[in-house]
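Shared between the two complexes below is subunit A, which has subunit B as its partner in the first and subunit C in the second.
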Partner chain A sequence: MMYAIRSRKQQFFDRNIVFLMILPAIVIVAALIVIPMVYSFYLSLTNLNLLHPSRARFVGFKNYLKLLEDSIFWRSLLNTIIFMGIAVNVEFLLGLFLAQLIFKTTRGQGIVRTAIMAPMMFAPVLVGFQFKWFFNDQVGLVNNLIYFFTGEYHLIPWLINYPLNLFALLAAEIWMSTPFMVIILLAGLVSLPVEPFEAAAVDGASPWQQFRYITLPLIGPFTYIAMVIRSLDLGRAYDLVRIMTAGGPANRSEMIWTYTFRLAITDNKFGLGTAMSFITVAISFAFVIYLFRQLARSRQEVY
Partner chain B sequence: MKKFTWFMIIVFGMLVLSGLSLAIAEELKLGRFDGVTIKACLIGGGDYEKIYEKFFPKFEELTGAKVEIVYKGNGFDIDKKMKLDFAAGTVDYDVCWNHTSFFSQYFDFVEPLEKYFTEEELADFSPRIMQFAWKDGHLWFIPRHADISALYYRTDIFNDPEIRKKFKEKYGYDLRPPETWEEFKEIALFLNNPPEIYGTQFAGKEEALSGRFWDILMAYGGKILDENYKPAFNGPEGIKAATLLRDLYQAGAMPPGMVNFLWDDVAANWANGTIAMYTEWYGWYSYFQNPEASKVAGKFDLARQPKGDAGIHSGWAGAHAFSVTKFSKNKEAAAALVKYITSYEPQLFEGQIGYIPVRNSVFETLKKEAENSPDPLAKKRLELMQLQINEDFTPPPIVPEWIPISNILYPTLQAIMLGDKTVEEGLNEAAKKVEELMAEAGYYD
Partner chain C sequence: MSQPRIRTISARKRRFRQSLYNTAVYLIVLIFFLPVIWIVLTSMRPEVEVNARPPVFLPQKLVFDSFIHLFGAGYAEKSVPFYNYLGNSLFASLVSTAMALTIGTLAGYSFARFRFKGSNSTFIGMMLARSIPGIAVSLPLFILFARLGLLDQKMGLALAYTAMNIPFTTWLMQGFFKDIPADLDEAAQIDGCSRWQSFTKIDLPLALPGLAASGIFAFLTSWNEFQISSVLTRTPLSKTFPVGLYDFTQQFTVDWRGMCAMSVVMLVPAIVFVLLTQRQLVRGLTFGAFK
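Moving on to the complex of A and B:
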């Protein structure tokens, strides 16, 4: 009986075959993610300055404490949260509305679906330049439209005054990203079963009731997925803001990533900038965990 | 017989040509570097690259070396790349871009050049600029071309008899390009008529704004840092300079969007004819004088920048330059490339395509050429440039921290102009931050 007696080596192999097979993946993940993360965390505990790399030394959590005392840090965090909160919700509502409209379209749905994706095809940098011009106070489209309709010349400094500049950034962001919501939500709507709606119609449910009690809960998982992706995208909003206001003037429209970049690269304070990005990552993680819990809950509700 | 004559002429011509190229190599003492490849990290884009395309092949011919450009980018991108390369030790180039506003960041990484150049070879460069190229007894870069701002003003407005009459009635002196910053303010406020025309404006963010502040500050006799590297811009001179900016902005003599403008925005406004006068780099001149792109072509003149009560003319300036990296394995060859590309002939070429020369011999040639120019301002412009390059040229503080200091300064200046902070409050806060920055960098150890 040849197969009854197995060498120790083979036994080890059998027992650990699973581990051995994922070993390459572990090595790659470690090399590409874990080690750089650990190293950059170490950098965040130093006062590394790009101008004087040789003066870098360990300073413990001083960078983190410094940030907590920094009013611009708090302002950038607040701006990012406001920006994210408004953008995700408006994009969702607008996206849901448009998705419903497209879903109900009987003819030319394909054309509308393609057309609505157009803004997604533009690089954020280009969108930034476009909207920077829209909101330019002297030659911009918006002020000129106001002049056209009111006949009076209002020099509204859109990109200068707070919260007008946040509004301008939001307009650009919402214009650019709502189509993404539309596409995901539309996919959700298309995949819904017909039976519950037929049953509800038979029971005399109004269209609003159908929407509120059937459509919304059923597309819940899609909503959360879309919101998670959008929130993470928005959390790292950089290009658009960099082009339109560069976080200014006087840090009025600073966001976490524009400020991180300013600290780490422009001001050469690499240690401090790394600390800032770790805080950002921590917030993002917390947010994602929260959203995924919500996602799990909404799935349980549905199924 | 005829054939023979032609043959002789050709042979003779070739001899003369090779003799000439030998003579150039001889005169510059470039040396031969056969088989050596010189790698370069240089400023790129637009006209910056023309000199590489035209003169690197000539250098290769003269010396037998090969030149390879491994990176091209704008100044800020190169600065970032070089700093990261220097910190990580991944420098694979021999010659690098340098700049008077940036060079002190690179002291640890570039090779002192004094041993590769003789005194005569350096004598033709603007002494004012060379004074900044030397620090701690070493020569850190060789300048390539410079930029400095002049006062641009609209002649159609300044010569309008109606406006002149009203101005004289109000201020008691003839309307003229302002000679002092006080006059500048008065004239800007007087000519201000938005939205058709603004009294003045500057680029309102980043180094562009800190630099204009530096311009006005130096005219009042102020400094960004004192000799002990302590911030000095919050003294009475700094307060005067910041107050001037604030007053002009808050009076609406500068457009509200200005704090989000960079160079090109302001230049576009000037070309659109919505600015009465302002200070601007010479680099934009040909764009403004092109009637297809600019509404003010032929309608403006240039003047030296105003002075402050210290009697100093503003002269915030910069010069692009070349350096040799410390990591280079072919420093001799790299220095030869720098020597060649900053020599008379390539520099004359750069002057002819519009850059401000840093060699007085190039200025002389260009002025002679300008006598036949259809542009009535051509010669005046060169004379003014030469005057400013030789007398007013002043780079920002020669410390690696200039850009970080500027990054503290400009949001503060914006906050002052927007009224978020008072002048004293803002400048004192910024001074405190700058002091912290300098302390961290080890200046007060």
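Moving on to the complex of A and C:
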């Protein structure tokens, strides 16, 4: 009898193992991300203010309309698009260039690869602190080095003037994320078959032609893997901006993520802040879905 | 006689050119590495050199006051709550890594071995959950944790990190499990193993490199996380290193050298872990290109 019960239990377990194994993951992600996000969406339809939580009322889509009329919102969106547009493209091109360079070295490839991984170990906050210090107008290394090389001391306000602080933020972002591209693309280059290159060399293809017509199409899937993983972490730029400029001065370097924090936590306008947060979510989703599609397509092309 | 000699000269020339090229690449890569050296050197140089103009490149002598200060010896009232940050960071990172690894491995195995109705959409749903910016997740968690009494608790932070890490761990692990031929499973089951046994006895040991890579990823994500912790933590009771470092930079008189020392302490576990599992890390990240 005991045996029969146990074996029935066993059978149940064996038959449903698929679901039983996925269940904990789904429960935790649902409980701590999905359901809170649904609740958050409800909050974005209220005028909840953390200073007067009892006065919260349902206001419909008023918060979203308010954002559309908010000039700081549009500025943060524009900054984010400029910033991410430049950052992702430069990171990719620079990453591909460096990967190709490292791939062609004959000695010490392992050490070079390890050395370039260094920025990947830095917390974004750490990168932010470091570049905030480098670009400091009074004591920063950048101004100091300009003095060292030119002999003239200029107080260049890297973090205060508008296009300059975007440049400083970009420098930090590119330093932080390019190595990741290098590592993935280098792995891609290493995995490529040699025959097409030999055949092309016999046919007299120039190195550029080989790169353009063999390397580039073949590492397509690696490119998109790198972009997909990168896109999951777009919001990391928040850490940099928060620590380096805090979106200032006067919201000029504000990004969508820092503006979310400012509205919800600093200004206590939680309803408005959650509405803003859903705009960041929509942008992230659009990016990830687009890249996943490209990834699927590039796999089909290669295999 | 002359033929081979010409060849050796050209070979030597080629070798020279290649070593020139190698050196150029080393120098370019060094640009990426310099900030690391600069931070480490600064944490150990005498105070006067830190912001000297023109810059002092190599310290005249190495001093370790900033580390002594950080670890609290003799300066108790002035130093930051370093041990709190350390304890909280370790707790939140290790607990969330262990939980995410266990749960994500199970889910990853299931996704790799079985196709069921809705498996694809569940999978994509989990990846989308991962792509929600930390700041957007932190807002509802702030309200939820305030109700549950988990606000400013390191356990709350560990739970949040677990949820953040599960999707990516699942993704990595399903890739590693797909690499293992399913025939092995079937053979084990024919020999009398249950599905669970064939998972623990056959697949899990073979996927150990994947576990290492996923573990590192989960650990590093939690160890370096700032967006969620900046909203969910309030006091040294639960503040982690990144939040501590942020507080440090907001003070009026910025102690750059002290911050460099703290940065070095923050970097040590990351460097050790990454160096140990470099190979698996790269493999884990790139398998997706083929599948």
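By our rule, the second predicted complex is superposed on the first by the 267 of 303 C-alpha atoms of A that agree within 3 Å, B and C clash if a C-alpha of one lies under 4 Å from a C-alpha of the other, contacts with A are read in each partner's own complex, and residues count from 1 in each chain.
Following the convention adopted for this analysis, a residue touches a chain if its C-beta (ideal position, glycine included) is under 8 Å from a C-beta of that chain, and two chains touch if they have at least 3 such contacts.
Computed from a predicted model, the values in this text were never measured in an experiment.
In the superposition on chain A, A:Lys104 makes contact with subunit C only, not with subunit B. Legend: residue contacts after superposition of the two complexes on their common chain; A:Pro221 is shown touching subunit C, with no touch to subunit B.
Counting the residues of subunit A that each partner touches, subunit B and subunit C differ, and the larger count belongs to C. Of the two partner chains, subunit C is the only one that A:Pro179 touches; subunit B does not reach it.
Of the two partner chains, subunit B and subunit C are each touched by A:Ile265.
Contacts of A:Leu159 after superposition: subunit B is touched, whereas subunit C is not reached.
Judged by the touch definition given at the top, the superposed model places A:Asp137 against subunit B, while subunit C stays out of reach. In the superposition on chain A, A:Thr114 contacts subunit C only, with no contact to subunit B.
Subunit A uses residues 139, 153, 265 to touch subunit B in one structure and subunit C in the other. Remark: subunit A residues 47, 49-53, 55, 136-139, 153, 155, 157, 159-160, 245-246, 248-251, 262, 265-269 touch subunit B in the complex. Contact residues of subunit A toward subunit C in the complex are 10, 13-14, 17-19, 21-22, 24-26, 28-29, 31-34, 36-37, 39-40, 43, 98, 101-102, 104-108, 112-126, 129-130, 132-134, 139, 141, 144-145, 147-148, 153, 175, 178-179, 183-184, 187-188, 191, 221-222, 225, 228-229, 231-232, 234-235, 238-239, 242-243, 257, 260-261, 264-265, 270, 273-274, 277-278, 280-281, 284-285, 287-289, 292, 295, 299, 303. Within the complex, the subunit B residues that touch subunit A are 80, 83-84, 86-87, 105, 194-195, 204-206, 255-257, 259-260, 269, 272, 274, 400-401, 403-404, 407, 411-412, 414-415, 418, 420, 440-442.
Those residues of subunit C that touch subunit A in the shared complex are 18-19, 21-22, 25-26, 28-30, 32-33, 35-36, 38-39, 51, 53-55, 103-104, 106-107, 109-111, 113-114, 116, 122, 124, 126-137, 139-141, 143-144, 159-160, 162-164, 166-168, 170, 194-196, 220, 223-227, 230-231, 241-242, 245-246, 248-249, 256, 259, 263, 266-267, 270-271, 274-275, 278, 282-283, 285-286, 288-291.
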